[in-house]
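Mind having a look at this structure? Questions to follow.
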Amino acid sequence: MTAPTTTAPPAATGGVAGPPSRLWVTPVIVLVGLGLVFGYLATQTLDSVERRTINVETITTRLGEHLYLTALSTVVVIVLAIPLGIALSRPALRRVQPAVLAISGFLQALPPFGVIILIAFTPLGLGATTAIVALVLASFLPVVTNTVVGLRQVDRAMIEAARGVGMSAAQTLRQVELPLAVPVMVAGVRVALVLNVGTATLATYIGAGGLGTIIDGSLRLGRPTAVLVAASLVAALALIIDWLAGVAEHLVGRRGG
Amino acid sequence: MSDGSRPMIALEAISKTYPGQSAPAVRELDLHVPAGAIVMMVGPSGCGKTTTLKMMNRLIEPTSGRILLDGEDVTAVGGDELRRRIGYVIQQVGLFPHFTVADNVAVVPRVLGWDRKRITARVDELLHLVGLEPGQFRDRYPRQLSGGQQQRVGVARGLAADPAVMLMDEPFGAIDPITRDRLQDEFLEIQRQVAKTICFVTHDLTEAVKLGDRIAVFGPGGVVEQYDTPEQVLTHPANDFVAEFVGSGAAVRRLSLLQLNRLELDEVTVDGVGATNGHPTYRADADGRAVAWAHLPGTGAGDLPPLVTVPLTGTVYDAVDVMLEARAPLVAVVDDEDRPKGALRWEALVRELPTKGRP
Amino acid sequence: MGFTEYVSSNFSSLVFYGQQHFLLVLYSVAAATAIALAAGVLLHTSSVSPPSWSRPVRAGSRETLLLVSSAALTIPSLALFGLLQPALGIGIAPSLVALTIYGVYPVLRNTVAGLSSVDPAVLEAARGMGLGPAWRMVRVQLPLAWPVIVSGIRVATLILIGIAVVAASVSGPGLGQPLFTGLARLGAVNSFNQVLSGTLGCLVVAAIYEIAFFAIQRLTTPRGIRV
């Protein structure tokens, strides 16, 4: 899974959580969803195979690995891709922007599944590092794209007005362009990062662990209940990360007036 | 109705309270629009003009009251069916951006199932009427038109199915003064040809006086403060609110709003043709143009003032200007060929200016 | 064996997988588009129309559907395909259903955004001329929203091409087949070539779709709003 490029107008870039006024929705969905899954689980009698995966210890370990993979790749992507997106929207690089956007849209079709395995054939070999590289590669271009799209939709007249009152290019970027671009930018980036959580399930195929290990193992052994538990945990994790991003955006937005 | 003719549109005790609001936007409004008349709706922002207009074609449902269209109660008629019979021009024009000019104008005739030939002929006729050469503009898209051209297509679209009633919400709102002036002249010309019943919202008092047979002055809270002829509104504001609205203390400014062809002028006669009947008499040259006064009632032959003229299309303000300039107690009002049609005397200004209906 | 050599000796089977992949994505995108367009149109609420009891119901259902379909994107693909297996068996059925579920959100999001971005003045003018809601939707809103909707369908297509390889985990058709075969035999001869051909094959399929979308955009965007 790769993030959808937000080629739609700003209104279309809403993250999973919608407008800030409805920040309570995501936690409710997560709680209700998990409640249903674990309620269902309580009605099931687990066999020995299932008990070996569905227990507190295994789940916490896998959850920890999953968090490690997602958190690290997320930080790397944000540190690398957002500055690149900003750079691409500077006048000097603006000419290559359409090409980058087109390629980035096209590369969404690359299956992360294939990419993650192919990287394992490189000298990096198997393991967590490879998984993180693959995750970074998968969400890198979508985040660049959303940064560019966010900055591009800022009214040209605003920028010209800022330059007109004597702001430098750097001041204009900091005080005008970025604040105006942030809502669209963050919305798109959030979608990319949410999908990153799902992609991290594939890490199991190159021995990097994570909740994908429970999913893959249980699929092989034909234990859908365990698959359901692990999948709902991944989805819940993704929704919570999105929600945290939403809360952070809301707080920053309020402080910035 | 004061003039006895049957109202085309009659609002009877119409009120509208928007959901979630305590005060009504329009309150117990009675308004009768005579057939073939242009009623101008003016008033400060937010006083319910648009709301009233939209209730006439039931874009907005009134909270209470009755609307009669040509004597028929339309509060029960199907809204869409009603609106196809009433032309509607909104301020923001709202042309369909993906339709050509011709397709935009043809929308309602198509829905009404006119045949293709009739539609094409009608579109060309209307584009001519609003001053857009069909050959040049028919196949353009709205974004290829200037703002004023778009406004005209909007007016043509409203006229397309030849509705007897037109509702126009600031149709010339966003146009520069010169173009607007020309559009207003075209509009009066169109109205002379097609004689529709028109309700017209405007913020421009000059426009209201120029185009209107009657003016409805709206006050805050959605009430009509005065509903009368432009001259009455200007010269006899019904209350302080209207006086303030038309320009407090600006009696002189009102003169510039009053066109001479709306006035009941003193009769004048040409010298040597029958009795003078006490009217001012002038000497004319071979073409009938006035040269000098021959006789003025109550003025000795030696004290005759110079004959000055002002065109019929001018305003009272122009007449005053001319009189002051020439120190003359009266001015001859002349037509396009400089032939006097009447006279305006200085004393008449300080008395009540007698007006008549549209020329 | 080098990659070129591998491709040329397995060309016909790779083309076959590619075709399967193309069709699998085509059907799922078509289904997702049908669902999203129907929902987007039926649940559309416009400030221009008079208020009615159904407006809050429709707006609520629309927001819920947006939320649910975007939350569905957080379910890991591997798990979704697997979870559908008990109900739908293996092969094409679970593959189509899973991909359709993933495809709804991008199309629905753009349909909602496109329909609501139509200038209210245009809609009010239409209503003022006595044109009913169906006419306004078919003749005005859909044509004006169409470019945005198509770009949503394009995004859905590209995403589904990438996800569709996972269909092979439930014995579904497409380029996931060589990919999973290579994965199962990781380290064995040609396993690298199999994974690489499956991965790059997706780009080839995507290229075909991109050309198609370019043509569709050009041909179906109304002339008056083409930039």
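Labels A, B and C are assigned to the chains in the order they are written; within every chain, residues are numbered from 1.
Heads up, the rule we're going with is that contacts are C-beta pairs under 8 Å (C-beta built on N, C-alpha and C of every residue); 3 or more make two chains touch, one makes a residue touch a chain.
For reference, the UniProt names are A, C = ABC transporter permease.
Fair warning: this is a prediction, and the values are worked out from it, not measured in the lab.
Each step here moves to a touching chain, and the least such steps from subunit A to subunit B number 2. Interface comparison, A-C versus B-C: the pair with the greater number of contacting C-beta pairs is A-C.
With centres defined as mean CA coordinates, subunit B is found 62 Å away from subunit A. Subunit A and subunit C have Cα centroids separated by 19 Å. Distance between subunit B and subunit C, defined via averaged C-alpha coordinates, is recorded as 56 Å. Along subunit A, no residue makes contact with two or more other chains. Within subunit B, no positions touching two or more other chains are listed.
On subunit A, the positions that touch subunit C within their shared complex are 1-2, 4-5, 7-9, 11-12, 14-16, 18, 25, 29, 105-115, 117-118, 120-121, 191, 194-195, 197-198, 201-202, 205, 211-212, 215-216, 218-219, 224, 227-228, 230-231, 234-235, 238-239, 242. Taken in their complex, subunit C has these residues touching subunit B: 50-51, 119, 121-132, 135, 139-140, 143-144, 222-225.
Contacts from subunit B toward subunit C in the complex involve residues 19, 57, 59-61, 79-86, 88, 90, 92-100, 107-108, 111, 141-143, 154, 157-158, 167. Put simply, subunit C touches subunit A in their complex at residues 63, 66-67, 70-71, 73-80, 82-83, 85-86, 102, 106, 109-110, 112-114, 116-117, 148, 151-152, 154-156, 158-159, 161-166, 169, 175-176, 179, 182-183, 186, 192, 195-196, 198-199, 202-203, 205-207, 209-210.
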